[in-house]
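Supplied in structure tokens, the structure appears directly below.
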Amino acid sequence: METEIAVSASKLSRHFGAFKAVDEISFDVKKGEIFGFLGANGAGKTTAIKMLCGLLKPTEGEATVAGFSIRTGTAMIKKNIGYMSQKFSLYEDLTVKENIEFYGGIYGLSREEIANKTRLLLSELNLENMQNSLTRALPLGWKQRLALSASLLHDPPIIFLDEPTGGVDPISRRNFWRIIYEIANRGKTVFVTTHYMDEAEYCNRVSIMHRGKIIELGTPTGLKQKYDKTTMQDIFIHIIGQN
Amino acid sequence: MKLRRIISIIIKEYTHIFRDWRSLLIIILMPVLMIILYGYAITLDMKNLTFAVIDDAKTPESRELIRGFTESRFFILKYTDIKRNEIESLFKKRYIQMALVIPGDFSESLVSNRITKVQLIVDAADSNVGTFINNYSNRVAQLFNEKLNNRSPGILGLEPRILFNPDMKSANFFVPGLVALILLLICSLLTSITITREKETGTLEQILVSPVNPMEIVVGKVIPYITLGFFNGIIIIIFARLLFKVPINGSLALIAVLSLIYIFVALSFGLMISSVAKTQQIAMLATLMATVLPTIMLSGFIFPVASMPLPLQYISKAVPATYFLIIIRGIMLKGIGLAELWQHAAALSGIGMLMLSMAIIRFKVTLE
Amino acid sequence: MMLPIISIKNFSKSFGGTKAVASLDLEVEKGELFGLIGPDGAGKTTTIRTLVTLISPDSGEIFVNNLDVKKDVRKIRSITGYMPQRFSLYPDLSVNQNLVFFANLFDVPKREIAERKKRLFQFSNLEPFAGRLAGQLSGGMKQKLALSCTLIHNPVVLILDEPTTGVDPVSRNEFWTILKELKKEGVTILVSTPYMDEAVKCDRVAIMHEGMVLARGKPETMTASFQNRIYKLAGQDLIKHINSIALIPGILSVQSFGDSLHLTLPDNQAKENIRGKIKNILGRSFQMEPVEPSLEDLFIALIEGKSRNGN
């Protein structure tokens, strides 16, 4: 059955001992949406993403990703998602090309597909000249774009980005977001966390997490009207300040 | 299990190994260095034992007795004209390991066929040395008696024939043990570090969100390191042969096959550690602690298992090196085959399977 | 002769074959809050690490409070407070223990420690958490504790390398409030940051790129001297069309700013022509009005211009 909902969480919780890292969060993300997941450090965003990606089991509640339950369908979920974490997750001692080939391989692409994808990606990223250099030697902005591309190799319909632009300068961040927009234009669902509130404005909808709970959810424009503010930065500081 | 994914991981591991040539060099040179150090340092061979003599008799008979010691390749006579009260300080300064005091009436006593007493003072701080000197002195005394009395020593004469290691070379005893120690250490270190490193860099997380399952990661990681460990084993044996002339009486092929099983155990052990350890440092420490100590102390590497207290004997049964030591010493020194060794090989495989399954189960719990 | 509190003349540093910093000149006056901005690999961290004597320059004359970084290593370290990128405290020590440890490290007299802690707690509001382990603090609090530890020996100069990277906006705000207060007390602060909203809070900034300073000055005078025209586009779903808009001839660059776009045009002559073309692309109405260039516009124009010339 073709569903219009890409990610859906209902009363999803994860406790670490007495600490409720994620506390009964519920939301739906529509197909093709760019969904921003905002919150202060330690608000529970990364824990929530890890549950949705099948890296952590929930304590309570349920969520589906691409129509599969995160409790029973993690194997299927993993085939349908791309994931890029805040830590740079490529092998620094492998070359650009070797990294692409490796990630293609663990997603079970055929030799032919990998060769095609590699060629395509290298030209898209303008990295043909760098394909045989060690990944370590790339500037941070490039690394991040390469990591994003690697997580898209298997053409997943949903992609999770956990603080993909941390510590990156404004130009690289913009370049990165252009790619995110292209991905969304191709009909993919993008689930992204960020600390840059100007990036939050690029999202179709945002949720704001605080102490494990989602305390606000809506479109940037809608939230601006609701709180009578002009930027997401002001809204964020206002909401978190109140709580 | 999907072959393509496993192959990808294998290729990647090999790339890591060969790209980091410094580490590779260490992996290859470390066993060589260890075997040279251990091979020369750990030795039970008795050589250059120094001793002092106070010869109050100064007769042909007393000189004959002293010659009984100096003629052997084990003893060096260092002090002759010393006083009795100097002996203790010579021992304390470790200048001598033995002192022989021959009384003034030595020759007269011998002639009168009384029981003649010669004082032998031995430094038994190192019990091996003490025992050795004691045994050797008895032998000297026996020979001296025979010569003096010019008759056969008796109806019953013991003449020991030493089997398997006729020269009593300790290298023959230690080098096979070193193969066991080094293989275990290197192979378990390799796997425990490679996985914890991926935990630290965050790449493990990236792999885990792909359809790869823990089993495939484990297999993909183990295979490259089995070949590396095997290569290490070959190097050790070649060096053992060249440097210490350790004999290889049995089948090389059998050594190879059983070493592979042992390497598999070591790698599984490394995996088990990495499934618990969070950082490379912890993994390294835990691996060192858990491999070196039991292997040296409990496996029969130095101290025979049979002479351990009973509880330790049971523990030694859980130490993989115990079995491998029996296997490799058996093949190299005794030249025996699978017919005699299959039980030990089976025990080793069992331990390996157990560790691997524990590692995989642990991975499933921590990573899924 | 009295030098500015930080004085860098003709400073160069290479690592292997690559030049990290190339004949850099930079001066920071006493009591200034100075911002170092630039893309990754611009040479900010190299400059900062040289100032705090962690690496030695290949060439150049560098003085901090009239002390030579090549000769007076110990003295410089005792008068500077330095917070490296990703500075982490001892997570298994409490807030209090961390502070005391750093106080002892910098030879703070025993009887003064309590008083200084009290003063730092006023800034940081960490007093209620004094007994808590540093590892159990939230990200923003950790950052404030790290700052407190670098301040415990009353440094004359405070040097911070991207202190707020990866920190949420609320905590960033608090952090900068503290910096402002320190400035009031007369501390000279040199800070590098990838956030432009932080850069505008500085007295002066230098924009670095490929080891050189492209522009420097007060943020407001820098933006005032910007020669191109900036137009702000507002409307629905603009960002989806950003790539097609960028292809229109006559536009120097298109950048997203939140949900709006900033167009950079060389002058206002082609404005109407471009408005028409954008309308064709969007197929609906939108607003296009001139705006004052921001520091971020300037930054992008400078760096992109540089890269374009370079390639």
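For reference, chains read A, B and C in written order, and residue numbers begin at 1 within each chain.
Just so it is clear, a residue touches a chain if its C-beta (ideal position, glycine included) is under 8 Å from a C-beta of that chain, and two chains touch if they have at least 3 such contacts.
Worth saying up front: this structure is predicted, and the values here are computed from it rather than measured.
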Chain located farthest away, centre of chain A as origin (C-alpha): B
Chain occupying the middle, per Cα centroid: A
Centre distance in Å when chain A and chain C are each reduced to the mean of their C-alpha atoms: 26
For chain A paired with chain B, centre-to-centre distance based on mean C-alpha positions, whole Å: 54
Distance from the mean Cα position of chain C to that of chain B, given in whole angstrom: 60
Chain C-touching residues of chain A, taken from the complex the two chains share: 39-43, 86, 139-141, 163, 166-172, 174, 177-178, 181-182, 185, 195-198, 201-202, 220-221, 231-233, 236-237, 240-241
Interfacial residue positions of chain C with respect to chain A in the complex: 38-41, 138-140, 162, 165-171, 173, 194-197, 239-240, 242-243, 255-259, 296, 299-300, 303-304
Chain B - residues contacting chain A, complex: 2, 4-5, 7-9, 11-12, 15-16, 19-20, 201-203, 205-213, 367-368
Touch list for chain A against partner chain B, complex: 53-55, 57, 74-75, 78-79, 81, 83-85, 87-94, 98, 101-110, 151, 154
